[in-house]
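Chain naming follows the written order as A, B, C, D, E and F, and within any one chain the residues start at number 1.
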Amino acid sequence: MKQIKLEPGLRYDGSQIKPLWAFQDLRVKGSSIVNWIGPMNIQPDELIDYEDVGLEIKSDEMIHFIIEHFDAQPADMRLCYHRQRILVMIVKDLLQEIGIKTQRRGDDLYCNGGKLSVSIATCSASSMKIHFAMNLTTKGTPSDVETAGLMECSRDRGVDEISKLADKISETYVNEILDIEEDIAKTRVF
Amino acid sequence: MKQIKLEPGLRYDGSQIKPLWAFQDLRVKGSSIVNWIGPMNIQPDELIDYEDVGLEIKSDEMIHFIIEHFDAQPADMRLCYHRQRILVMIVKDLLQEIGIKTQRRGDDLYCNGGKLSVSIATCSASSMKIHFAMNLTTKGTPSDVETAGLMECSRDRGVDEISKLADKISETYVNEILDIEEDIAKTRVF
Amino acid sequence: MKQIKLEPGLRYDGSQIKPLWAFQDLRVKGSSIVNWIGPMNIQPDELIDYEDVGLEIKSDEMIHFIIEHFDAQPADMRLCYHRQRILVMIVKDLLQEIGIKTQRRGDDLYCNGGKLSVSIATCSASSMKIHFAMNLTTKGTPSDVETAGLMECSRDRGVDEISKLADKISETYVNEILDIEEDIAKTRVF
Amino acid sequence: MKQIKLEPGLRYDGSQIKPLWAFQDLRVKGSSIVNWIGPMNIQPDELIDYEDVGLEIKSDEMIHFIIEHFDAQPADMRLCYHRQRILVMIVKDLLQEIGIKTQRRGDDLYCNGGKLSVSIATCSASSMKIHFAMNLTTKGTPSDVETAGLMECSRDRGVDEISKLADKISETYVNEILDIEEDIAKTRVF
Amino acid sequence: MKQIKLEPGLRYDGSQIKPLWAFQDLRVKGSSIVNWIGPMNIQPDELIDYEDVGLEIKSDEMIHFIIEHFDAQPADMRLCYHRQRILVMIVKDLLQEIGIKTQRRGDDLYCNGGKLSVSIATCSASSMKIHFAMNLTTKGTPSDVETAGLMECSRDRGVDEISKLADKISETYVNEILDIEEDIAKTRVF
Amino acid sequence: MKQIKLEPGLRYDGSQIKPLWAFQDLRVKGSSIVNWIGPMNIQPDELIDYEDVGLEIKSDEMIHFIIEHFDAQPADMRLCYHRQRILVMIVKDLLQEIGIKTQRRGDDLYCNGGKLSVSIATCSASSMKIHFAMNLTTKGTPSDVETAGLMECSRDRGVDEISKLADKISETYVNEILDIEEDIAKTRVF
């Protein structure tokens, strides 16, 4: 599974959740996790989460993760949402380690009562995709939702530290998936 | 998914990891999570984890969880190990909330450098099983491994509190799995 | 699995067979069976059954069922068509019980030589859908096919009785699926 | 899918439910439905239905069906139990046609309040198996259960007619499965 | 699995790779392999292989194969690409037998250093599709790629012989798939 | 996927086809292909191929391959037999390249009318296994079958060359599987 970091600036508009985005736009073939810092503004017709219909999904600066898995064929939404949860729990854990305490409800993280993150999982017949992103600040987030930003939860963190944290999250996730595969290969079944 | 609590005392000998144990021994039909406090001593021919061949797997008092899922047909070891990881991460989180700090490596929890837990996942063609257990004390654990016990990591916890924690773990796990199913049902796919 | 009854009147135009229709239009999340009385007129571009291309698929008053299942991931057309057959056989059985004798060929029911029903099954990567509907009368049915209506097969049935029958069908179907799940959980496999 | 009829007399002892029985004992390769008339006496260690543990499962003369499917890989217990239900519903229907009225509860048929049939489904990693059998008479059935026999439900039926009915059941089942496969191949998916 | 041969002349424009093309255009229901001789010119919006974006995919005269499988439900891209490889290896083998030596790299065949073939596999939720085609001559092939044609690799072959070869390829492929199914049905699993 | 070569001498007795043999005996975790030169004598109770019941399966010196795949979960016999065919076709191809012409029927290779190879595929719920082996000479092969040996088909080949060929086969197989995975990751699905 490849681990990619993009230059800051790419706007997440919902098109990146589409299958094979990493191959078509980044020439990354196979399972991958990509992270970058950039704004978000999801176009209504790119919505994947039908609970979000009619809502504004936007923020001026976020740390984004896009994951694509090709290992399970055909792709499996159930497995995909389990992986999303594992990702979110890894993030919560690594934030805790650097002193940022968050609460998790499903696939959302909260900080001081404000919503810190957005996330969705989806799939086609052949690949499973996850998007997870956290606000750096609350700038540009919807006015009708209480939001939080990583740099505000913990004022002394700079963008650099968050960028490093992102790499640590990617690496931990990749290792976790690898570790699970290894556990399958040591286990007797009935 | 049913949530069951047994009276203390049942020895975990490895037979409980077998498919349909809950139905055959407890008359619990369908997916379930069962918890209880009791000793552990795994018979060599009940070993599921081939990395443990030749090792003693025992402890005098543990809090045990046995999970069985029938939702995915045919049963899927990959999904099963993802669920095991989610369980372990839930445990780590809930321990943290009551002030017990642990480290996780794969499916193991450590406390002050001592191994606190054991875990395995397995499946048959029709069901997925998980065993997870944590030492209450290090009494009766193998002498050649540094172990830890929940009541020693955090001296002021009594058996009652641990028993309540176990129920909280079961409940949180059940809700997480349910929550994932609900997320599938709101998601557009490609 | 949720059992829903809509007010009479909704026209079945083929859009209701789309995945997540129940969630998007009715806020029903998860597996469900919905029934209602209403007309049918399928738009050509909503056709799912390629054998029906070029045919008129319409009727002035039908009892409709829309089923969606999220339990099997990824969704499985083979399982879905088996469930469709089970539904049709349940309907035939319940009609028989109230004295309406029908013949079944595949997923079609016939009464006195007239086609009483229409049905299709389909799926996306994450859900399985079934539509099944029976004419109440032959009013508004295609002129080039011999059709039948429930109220004509059995003249003394009113709309109320058919509406109650519909609920009985939904309930029996839901129980059958549940019963199958329970049988899996009592069965030894090889 | 092959349709086989055996000479009367083979005792059903539970070994016939094992995967590849038809290949090992009858040299029938691939998916098949086999029927024959013979007694039944299931050995306790051949039990597949854990609800039957400790019960006597026997009868002096039954019409037996053994089905094996290799089409779904890996084998799927959920699909297998759906097929079992379809078989039982086909049997109920064909009995009705020759004037024998039965009631169905799950996979059991009843006649005049007596249990007429036994059935189980199971699988290995590569095949799905179904056993379904109906008593010809109540002779040799367990004394602690009210049972019924086909020849008693409907006195004027001889063994010959039942044997012909069995072939009709096999044929109808085979055609139903084939018909489902054909329906998949005409259906647009999302 | 049906084996179909079309009259020469149909242009392959990429639309034939779509699920259910054989049913919609040829009234062929179920799994099939279709072959015919005709030109190729793939419309950019019909591209399946994202590595081919921006490339011209064309040739004046090719022998085409379109395969569709409905046996694995849900359809499985991994299985589909394994079948594509088996097809290509069968072709290489049969070419060898009539004295045409080729090299294979993945799903491509080369003759005297020129690219002889094009191929792609894809799927929907319910069917698996393969397109494989070989140039008869290099006429009309892209000028920026070194190509080869069957009639040029081996000058003394006429269109008739190639057409017969195509039928042999179809037949061998159909038998191979059937043979694999039979092997499953003789094999003990764990 | 790991590529392993063992010292000559290990007798293939059928136990090596069991799931997790490579992990238990060789400490190789995960998907692997192992090759070695050694005799074969399969114990009757280790038979996987029910067509071989009652036959002697033995040879004094063979080049063996044992493959285990953990990528598809749950394991899939259909996929496994497709991979076996791909392996056999790769072997045939590489033999041809060094001037040894063979014929293939299903999973068997023949040389000058003599059976050169044996092969079987099987699986558990979590892994897929393949055994393929070719006689070096006909020494020790069953007297009631016409057999062939690699060193007799082509007299000027020594054990060293065959050992190198074995590595080439392993490497080609590993690359083919990898190549297929890469093709999935470049393909648009419907």
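Structural remarks
In this section, a residue touches a chain if its C-beta (ideal position, glycine included) is under 8 Å from a C-beta of that chain, and two chains touch if they have at least 3 such contacts.
On a predicted model such as this, the values are computed, not experimentally measured, just so you know.
Annotation of subunit D and subunit F: jointly contacted by B, E, touch as defined at the top. Minimum number of contact steps separating subunit C from subunit F: 2.
When the CA atoms of subunit B are superposed on those of subunit D, the rotation angle is 120 degrees to the nearest 5. Residues touching across the subunit A-subunit C interface largely differ between the two copies, under half of the numbers being common to both. Here the spacing of subunit B and subunit E, counted between their Cα centres, is 50 Å.
Computed from the mean C-alpha positions, the centre of subunit A lies at a distance of 27 Å from the centre of subunit B. Put simply, the C-alpha centre of subunit C and that of subunit E have 39 angstrom between them. The residues of subunit C that reach two or more other chains are 19-20, 23, 50, 72-74, 76-79, 123-126, 181, 184, 186-190, listed in rising order. Screening every pair of chains for touch gives A-B, A-C, A-E, A-F, B-C, B-D, B-F, C-D, C-E, D-E, D-F, E-F. Those residues of subunit A whose C-beta lies close enough to touch subunit E in the complex are 20, 23-24, 73-74, 125-126.
Against subunit F, the residues of subunit E that register as touching in their complex are 18-19, 47-51, 72, 76-79, 81-83, 85-86, 89, 92-93, 96, 104, 106-107, 120-124, 176, 179-181, 183-184, 186-190. The residues of subunit D lying in touch with subunit E in their complex are 19-20, 23, 29-31, 70-73, 124-127, 181-182, 184-190.
Remark: subunit C residues 50, 53, 74-79, 123-125 touch subunit E in the complex.
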